[in-house]
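Next come two complexes built around chain A: one with chain B, the other with chain C.
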Partner chain A sequence: MKNTLYAAAAVASNSFRESVRNRFFTLFAVFAFTSIYASVLAGVMAVDQEGRVLADMGLALIELTALAYALFSASSSLLKEAETKTIYLVFSRPVPRWSYLAGKLAGVLLTSAFMLAVMGLMHLLLLSFRGFGVPPFYAWALGGSFLKLAVITSFAFFVSLFSTSPVSTLVISGILWTLGHFVPETRFLADQAGGLKGTALNAAVWLIPNLQLFNARDVSGSACVLGAPAFVSAAAWVGGSYLAALWLLRRKEF
Partner chain B sequence: MEKRAGLFLLLAALLAWGAGSSAAFRGYRTQFPPPGEIKQAGGGAPADMFALAFGARRLFADLWFVRLMQYYGTRELSDDEEQEELESHGKPGHHCHHGADFGKGRYPDFLPMSLHILQLDPGFTAACLYSAASLAFNLERPDEAEAVLNYGLRYSPKEWKYLSVLAAIGYTKAKDPNAVASAIAPMLKDPDCPVMLKQLAAFLNKRAGNYAAAAAIYADILVTTKDPAYLRNAARELEKLKGRTSKR
Partner chain C sequence: MTGPTVSFRGVEKTYRRPQLLGAVYHTAVKELSFEIPAGEVTGLLGLNGAGKTTIMKLITGLLFPTAGSVEIFGLPPTSRAAKGSVGFLPELPYFSPQESPGAVLAYYGRLSGLGGPDLAAGVEGALRRTGLEPHAGKRISEFSKGMLQRLGLAQALLHKPRLLVLDEPVSGLDPLAIHDIRGLLAALNADGCTIFLSSHSISEVEKLCSRVLIMVRGSLARTVTRAEWEAAPGGLEAIFVETVK
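So, the complex of A and B:
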């Protein structure tokens, strides 16, 4: 058990290092910096609400940039290793598939957390440069973004194991991301519709993860604090996607 | 055996997913108005879709607020109309920067734009106060101001600042300027207090002869706002008040 956990940690660490060294990572960092800097210009137009606009725009850009990288990484990681036959080398050693998959997922999540932390720091520096302090509940907003990324990344891993290309994984995961933010509206529509339509919409509510639950950056005041249901749901959805991905990975012949 | 393990994994995955949905179902209460309430979409409908799809209602409410300020900050009258206003009133028809007439005009889209911001983010207190204060005290449309505040109160029933502005609007209707000044006084140090309310408070104090209080509010405007028009006006008024306070 200790050895397999060690193997998972080694895969995660390798995946993290590989991601950070990837030139796309640098490109995303440059994009993030430019975007956040552009938000400073937009903030100026908001006159007395500059602080709020800067905070909101920066947090949204941070999340979208990290999402783009996490999805790109999750959708191509396993496929690339299968194409380059690296995965055969890994499985020729005593590395169980669950441990390999857990390591890969942990590596991408670690990279996402690192990206969020670096971009968050850049954003706070820019805010301070413009004369504003740390926005209230800033850490919760970043934490919520990380939970969203964790759910969607693990789902992308699952999709990448049955989809034919990284692009289709990106598209499917992107659609789930969008639908995930519509869950409260879907619940409302299900209540309004009733009948067969209502049942279908209610079923969709159970199948689609409610990403608004983690959307601390979009609410005001104490509602930004993520409660236990957010952490429980995130863990369950990540676990569910991981188990489904493992089921597919076990069926593959490497 | 292998097949059974696979089935077990699949079942466990479904159970875990269901557990996540169940916890989310119980734990989530939306703070936002239902989508059916977003009525003033107009040309902004695609932006509203983005706001919902990316979970960025707050950000899009900010952008609508910037649009509202740009709309309110744009010359409303054509040159001919401006001349007409000038001839009939002896001064330009809008954006007179000298006190009570600051920000006058018609701005027919002001109410729909204000409500739209709150429909996207009902927690945007500063936008609600800015809209209500502009409508009530600059554009002289207190009924529309009350509509904005009442919408804000539906989602933030404990927001005392909305109640203070509602009281101030009531006193304005009753033509009691001293009561208006008292109603808005507690809000003046609040970061959400819109600059035009500060300007109004300073103006009312000046008119009532409370020059020191008026000067203090103008001094506060100088350090809290970035709006150049208000900054210029505050500096000018402060200069005038210096003379009056030193005479006393």
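So, the complex of A and C:
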């Protein structure tokens, strides 16, 4: 057990190292440029709400930038290792598949957390440069973004094991991410519709993660801490997707 | 008395390729039975598509047999104990170009269960044995094809395996690199390591191996010992050509 956890840690740290060396600084540069440009525009357009607009826009940009990285990485990671035959060097060793998958997932999540932290710091510096303090519940908002990324990344790993290309994994996961933000509306429509339509919509609600649970800054129009349902939901979705991905990976030949 | 290092009994491997309606099946190896005794250097010859790589992947647990059984040291190839005793060099291995050879070897060493002083000693020993020590400070992007092949061999040697499985170990190398790798494999074999290698180079197989398996369209067509090809006019090449035609 100790050896397999050691192997999972080795896979995670290798995945993190490769990400840092490959794409990080480009993404950070894109984020920094976009947020500075957006802050200039917000300053002109938002008048007396500049602080609020800058905070919300920055958090949205942080989440989208990290999402782009996490989805791209999760959808191409296993496929790239199979194509380059790197996976031969891993699975010909005493590395259990659950340990490898856990390591890969942990590597992407570690990278996402690091990205959120660095971009959050850049965002706070920009806010301070414009004369604003730390927005309320800022860390909770970043934590909510991380939980969302964890849910969608583990789902993307699962999809990547049966989809035909990274693009189809990106599209399917992107659709889930979008639908996940409309779960409360879907639930409302299900209640209104009733009958067969209502039953179908209610069933759909169970098949889609409610990503609104993780939006710390959206609840009741003001910031708040994340509730226990957010953590339970994230754990259930990450655990479920991981087990489904493992079921496929254990049957896969290379 | 110890058992064989590798044992194939009635092995068949059929690939399934899903299609829009149904699937297409292709049998890569069929009714394959052979053994590799401990301490022997065994070669695998065959034309493209003869099933050589499939055999290598079955030994390393990357593929599962459709029928029959494969055993490594009396264990299933997917078992941790079997995998811990095997070193594998696939054809044209890939390594991250930004990394140094030491970092790559440390990663694969950790995956093989090495840690602390054992890991450092394993990495240093593998670099030394494959002649990569002077290039330890370089990035892999600066490596030639021969150096990459040496690195591939180094990752296979890290954990001191008892069985080395090498897919085209001298493919695309210059004569000096081939000479060095041949010397390294001979030294490993002298230390008791069993070696199973596939190659398109008959002369290399002839120099290294004591026995050769010749595959034709997924079946084992002939097993030739060193004594047989040394006694045959035209050597191993003549036997191979006669077998595959």
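The definition used in the following text is that the second predicted complex is superposed on the first by the 234 of 254 C-alpha atoms of A that agree within 3 Å, B and C clash if a C-alpha of one lies under 4 Å from a C-alpha of the other, contacts with A are read in each partner's own complex, and residues count from 1 in each chain.
Here, contacts are C-beta pairs under 8 Å (C-beta built on N, C-alpha and C of every residue); 3 or more make two chains touch, one makes a residue touch a chain.
It should be emphasised that the depicted structure is a prediction, and the values quoted were computed from it without experimental measurement.
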| task | Examine A:F162 and indicate which partner it touches, taking first as chain B and second as chain C; both and neither are also allowed. | result | neither
| request: Give one of first, second, both or neither to describe whether A:F114 is in contact with chain B, with chain C, with both, or with none. | output: neither
| field | chain B versus chain C as contact partner of A:M57, first or second or both or neither | value | first
| said: Going by the contact rule set out at the top, does A:F91 touch chain B (first), chain C (second), both, or neither? | reply: second
| message | Going by the contact rule set out at the top, does A:A7 touch chain B (first), chain C (second), both, or neither? | response | second
| Which of the two partners, first being chain B and second being chain C, lies in contact with A:W237: first, second, both, or neither? | first
| message | Contacts for A:F33 in the overlay, against chain B (first) and chain C (second): which applies, first, second, both or neither? | response | neither
| task | Look at A:E253 in the shared chain and tell me whether it touches chain B only, chain C only, both, or neither; answer first, second, both or neither. | result | second
| Which of the two, chain B or chain C, is in touch with more residues of chain A? | B
| Contacting residues of chain C [partner chain A, same complex] | 57, 60-64, 80-81, 83-84, 86, 88, 90-96, 98, 107-108, 110-113, 115, 155, 159, 165
| Interfacial residue positions of chain A with respect to chain C in the complex | 3, 6-7, 10-11, 14, 18, 21-22, 84-86, 88-96, 253-254
| request: Note which residues of chain B are touching chain A in the complex, please. | output: 2, 5-6, 9-10, 12-21, 23-28, 30-32, 34-36, 52-59, 62, 65-66, 69-70, 121, 123-127, 194-195, 224-227
| note | chain A contacts chain B in the complex at 42, 45-50, 52-53, 56-57, 60, 64, 178, 181-185, 188-189, 192, 205-207, 209-213, 215, 217-221, 223, 227-230, 232-237, 239-244, 246-247, 250-251
